[in-house]
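You will see chain A twice below: alongside chain B first, and alongside chain C after that.
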Partner chain A sequence: MTAVLDTAPAAVLAPTPRRVMLRRARSHVGLLVGGAVVLFVLLVALLAPWIAPYGPYQQDLLKRLADPVWAAGGSWAHPLGTDALGRDLLSRMIWGARISLTIAIVASVIAATIGTLIGLVGGYFGGRVDAVATWLINVKLALPIILIALAVIAIVSPSVTLLVLILGFLTWDRYALVTRSLTQQMKHREFVLAAEAAGASSLYVMLREILPNLRDQIIVLVTLEVAILILIEAALSFLGLGVPPPIPSWGSIIADGRGLMFYKPFLMVVPGLAIFVLVTAINLFGDGIRDVTAPEGRA
Partner chain B sequence: MRRFILRRLLVSLLVILTVSVVGFSLLRLSGNLAAVLAGEGATPADIAKVAHEYGLDQPLYLQYVDWVLGLLRGDLGKSLFSGDSVAHLIATRIGVTLTLATFSLVLGLVIAIPLGVVAATRPNSWLDRGALMLAVFGQAIPGFWFGLILIYVFGIMLKWLPISGADNWREFVLPTIALGVSIMPSIMRLTRAGMIEVLSSDYIRAARAAGLAPLSILFKHALRNAILPVVSVAAVQFGLLLGGSVIIESVFAMNGIGLLAYQAIGNADFPVVQAILIFVSVGYVVLTFLAELINARLDPRIRL
Partner chain C sequence: MSAPWQGPPVLEAEGLSVTLDVPAGRLHAVSDIDLAVHAGETLCLVGESGCGKSMTALALMKLLPRRGKLAARRLTLEGRDLLPLGERAMNALRGERIGLISQDPMTALNPVYTIGNQLEEIHRRHRGGSRAAARERAEYLLSRVGIASPGMRLGQYPHQLSGGLRQRMLIAAALMCGPALLIADEPTTALDVTVQAEILRLFADLQREFRLALVLITHDLGVVARIGHQVAVMYGGRVVETGTVAEVFRAPHHPYTRGLMDCIPAPGARREARLGAIPGIVEPAIGERAGCGFRNRCVRAQPDCGVGDIHFRPLGTGHAYRCLLPPDAALARPRPVAEVPAS
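Presenting the complex of A and B:
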């Protein structure tokens, strides 16, 4: 095998981009560790109905505030203990992962779609169109996310659907900024000029020529934004205007545990740690993808 | 320079105008405000009465014009909950929020800048990795939860510091830490990236070759250029801190405009919510505008 490779012409030996990515990925500790944790939480979220030992709303009033297994008096019947209503914390955490991740991912996809479109159109057409895009971005940046989300949710009344929509419409700015500047750089490249010379429509050029080249950067952004959205959702749910009770999200579980924090701190510590670990993992994973997909010489 | 300022000023004004329209309509269109105010179980007649009382039955654009004219006269309306003037409510509470935001920004800068500089002098060393790891953690920790943990450890277990209020400096310590951590990562990364770039430039090599003291090169010559983007990000972060104070002020029961906004939202006290919304947005726009001016002054290339 090596003999064949040794005699092959240089062009054949040059590693393909995919090979380069795989080689970099294999030695990128952050990507591997972050990716493993993210994958684990995703699996837990997907398999929640099958792996959660109890239902998320199932109360056992005789076993209220049971201690976790590591505390004196804890038992494996409720490994993380139970809350004030006798609900199993582990089961609520597992279902909470499902709710928190779903909200963050769907909202990111909405935001990515809005932001990418605004950035593409502004960056490609330039001039007045770009002035409108820039104005939209500036207005968005000036709107305080938490304050607006709280106010709108309070008026409409909290629901998961509303939360997803609000977060999607309040977090598209980074996609727009990045897409716009990348599109500006890309629209003078040969392949774009060639498509235009061949008579391709603006829509075709934007969606078929430019957008595919932004894929890597957009994937990285979506990853990092999912992390930010998990934090925002947790904060809103903590303030009581995110996920409505009794639906478990990691933020609302912390809110439930807050009143008992001096007495049973684990009810608040466990979900907070889970958010912290997951968001760290997503950030490491996202930074890893960026390093791995960066053009040669920039990793 | 004058043309640059004028153009940026115009854009900022346009943004503020739009934000006021968006903020106003979001609050009015996202639900029947009169029904929320009338409370549960109100009859349609009650709702109509409430709507009339607060002028909510008028066309939306008239309500908006009324509100903006009031704003321009400095009249922000009256709180529906307490009857106090909104301007007075904000004036008495803004000090707490500004103090908290300033302390947090200073704490963030004091940790982030030296850390970024030191990390940049030895890229990929253990020191650098440690600094980056700290940034990753700072980014990932939920601020409100970190606040609760600080309350538990330093307020309850160790009894070192008070856990709520905003009346003396000791009550600001824990909230400042909880909020400051959130802005540290971006400033640290920016300082580090800027320093790495500057340290590899020709003029730094020349300074080294000329035998200038390493520390003087690092802090006097390199940092001055690397700090440019940090200035604007710090200004933007300060604006974000004003908006983000809702959470931390609620956790530590501090009487700033964040807590005021949160309570007003709970009471459907929309004149207060609207005023704080526009106040925070305008604050953000003004700060970014100032940041651009400072940058343009420090770096003439931007003015082109």
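Presenting the complex of A and C:
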């Protein structure tokens, strides 16, 4: 009945966002380098039981404080040397990557979930609901993370689970702030009204219409927060209030090497460098994702 | 000329008012308007920006912003009273019995989902059933709204489509569950002129086929003349003139309607003839108001215009206008603004 006027050939249609993103990703140096390092550390952490030459707790008191391979007395038997208890540093670093990354990632996921939900609900409903959400965010912002973590861990005996929970529940503020303001902008877009007019419930609009549009920004935030959490975990472990010994995390390995700082500096330099490189890589990677998914490039 | 619309109206609203509490006071966005639309009939709401057209559309679906308050003596859809219904019951009707086509096709589709996904979701929400059944309905409707290769289009994202195509998608989305009432808020404003004509023709076709009651909101009298049956001219939240399109266009009585008509460029008019304009701006409708809202811009205002409520003057055949001027006086004088020829 109606004249068919839609005759655009498929070839001239705009490329899909995915293809645009891939094309941009391929020429983004920061994303590639950061991503490669992150991927490498992730693989090392995942494969720890198979690639670590020794167990993380395996002591060899006859080979205490062996020098790393690049020093005068070093050998390939312990490429990064051994610590004061004769434990292989390379193996502890490999297992430590596992602990450090697990804590940072799981805590970020907890924080992202809490923060995103608070931000979505506050931003979407507005009014009194938003006042409560804003109040929660302000309360959270007023809490000093390290101080609270120290206080809690001083009372309850430290464990990895406890650390994950504390960090997760103390770092959701940024997600809430970002999600809330983005939701406020998003809810005035016509597609939200269109969904409401098509009978969608508030829950549906929040989770299925608005949230998917915030995905890229939340992913970028997660990467940045993982980097921060790795540093916080290292700081807490260094203070002796993070993972309990003898569990290796990169922070606790630095703490272990502290006493021998002037005689065997590699015991601190190696894990310190590893943290520095990983955090830098994660930040490069996160910035890369932000650049690649930036909406202004989308047709 | 008025078509004999049989049966009870699909939508009936009486004394519909919308107020919004804003920092400056109480804003009367819509004041006491009456509407009725039958199956197969098009009611056009016409007026300039801020006259309450869009707010009326939202009020009919009970989708007002949170600060907005709805009041009405009567609001029924297919004989069912909407006033006492809660959010859940309204959600069951929205998209199912009432479809809304919103203003801007460029942003009314969610950018992260494919067209097919969005259309199917509406069908599954109200009708349940399999994805395949929903997809079949979507494909049928897309071909029905004039889209070639609907199968391919369903797999695409909104940004891959032109404005005209997106508007067709939105129309298809609104029709997914076969609603009785379609509310279209400025459906052609954001489109190219050539595409506008196609979309209007499409509306007329679909209305005939599906026996839709259509509430069309526009500021374009050309659109009204093309596809409207009934028209309600709104000014400052009130209906100032209402009647069949033929009657109102033949003999506009309210000074505001006459002013609007003078703003239409007539093909073949002398080049020197000045196009009409209505002086002044719309008064903000905050606080209690008395008299005619148009009096400050009206060339024929009298002292009495600011006193009390101005009531409708019926002219028979459903045509009525809200003005103190008696019918012959309203028509007699030369049109108020467009008489000045340039140089």
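The rule is simple: the second predicted complex is superposed on the first by the 284 of 299 C-alpha atoms of A that agree within 3 Å, B and C clash if a C-alpha of one lies under 4 Å from a C-alpha of the other, contacts with A are read in each partner's own complex, and residues count from 1 in each chain.
By definition in this document, contacts are C-beta pairs under 8 Å (C-beta built on N, C-alpha and C of every residue); 3 or more make two chains touch, one makes a residue touch a chain.
Values in this document were obtained by computation on a predicted structure and should not be read as measured data.
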item: First, second, both or neither for A:158, with chain B first and chain C second; value: neither
item: Contacts of A:86 with chain B and chain C, given as first, second, both or neither; value: neither
item: Partner chain in contact with A:193 - chain B first, chain C second, else both or neither; value: second
item: Partner chain in contact with A:74 - chain B first, chain C second, else both or neither; value: neither
item: First (chain B), second (chain C), both or neither touched by A:238; value: first
item: First, second, both or neither for A:212, with chain B first and chain C second; value: second
item: In the complex, chain C residues that touch chain A; value: 61, 63, 66, 88, 91-96, 98-100, 102-104, 107-113, 122, 125-126, 144-149, 152-153, 156-157, 159-160, 162, 164-165, 168, 170, 173-174, 198, 201-202, 205, 209
item: List of chain A residues in touch with chain C within their complex; value: 1-8, 10, 13-14, 16-17, 125-127, 189-191, 193-201, 209, 212-213, 215, 298-299
item: Interface residues, chain A side, partner chain B - complex; value: 135, 138-139, 141-148, 150-152, 154-157, 227, 231, 234-235, 238-239, 241, 251, 254, 258, 261-262, 265, 268-269, 272, 275-277, 279-280, 283-284
item: Complex interface listing, chain B residues touching chain A; value: 11, 14-16, 18-19, 22-23, 26-27, 30-31, 33, 36, 136-137, 139-145, 148-149, 151-152, 156, 242-244, 246-247, 250, 261-262, 265-266, 268, 273, 276-277, 280-281, 284-285, 288
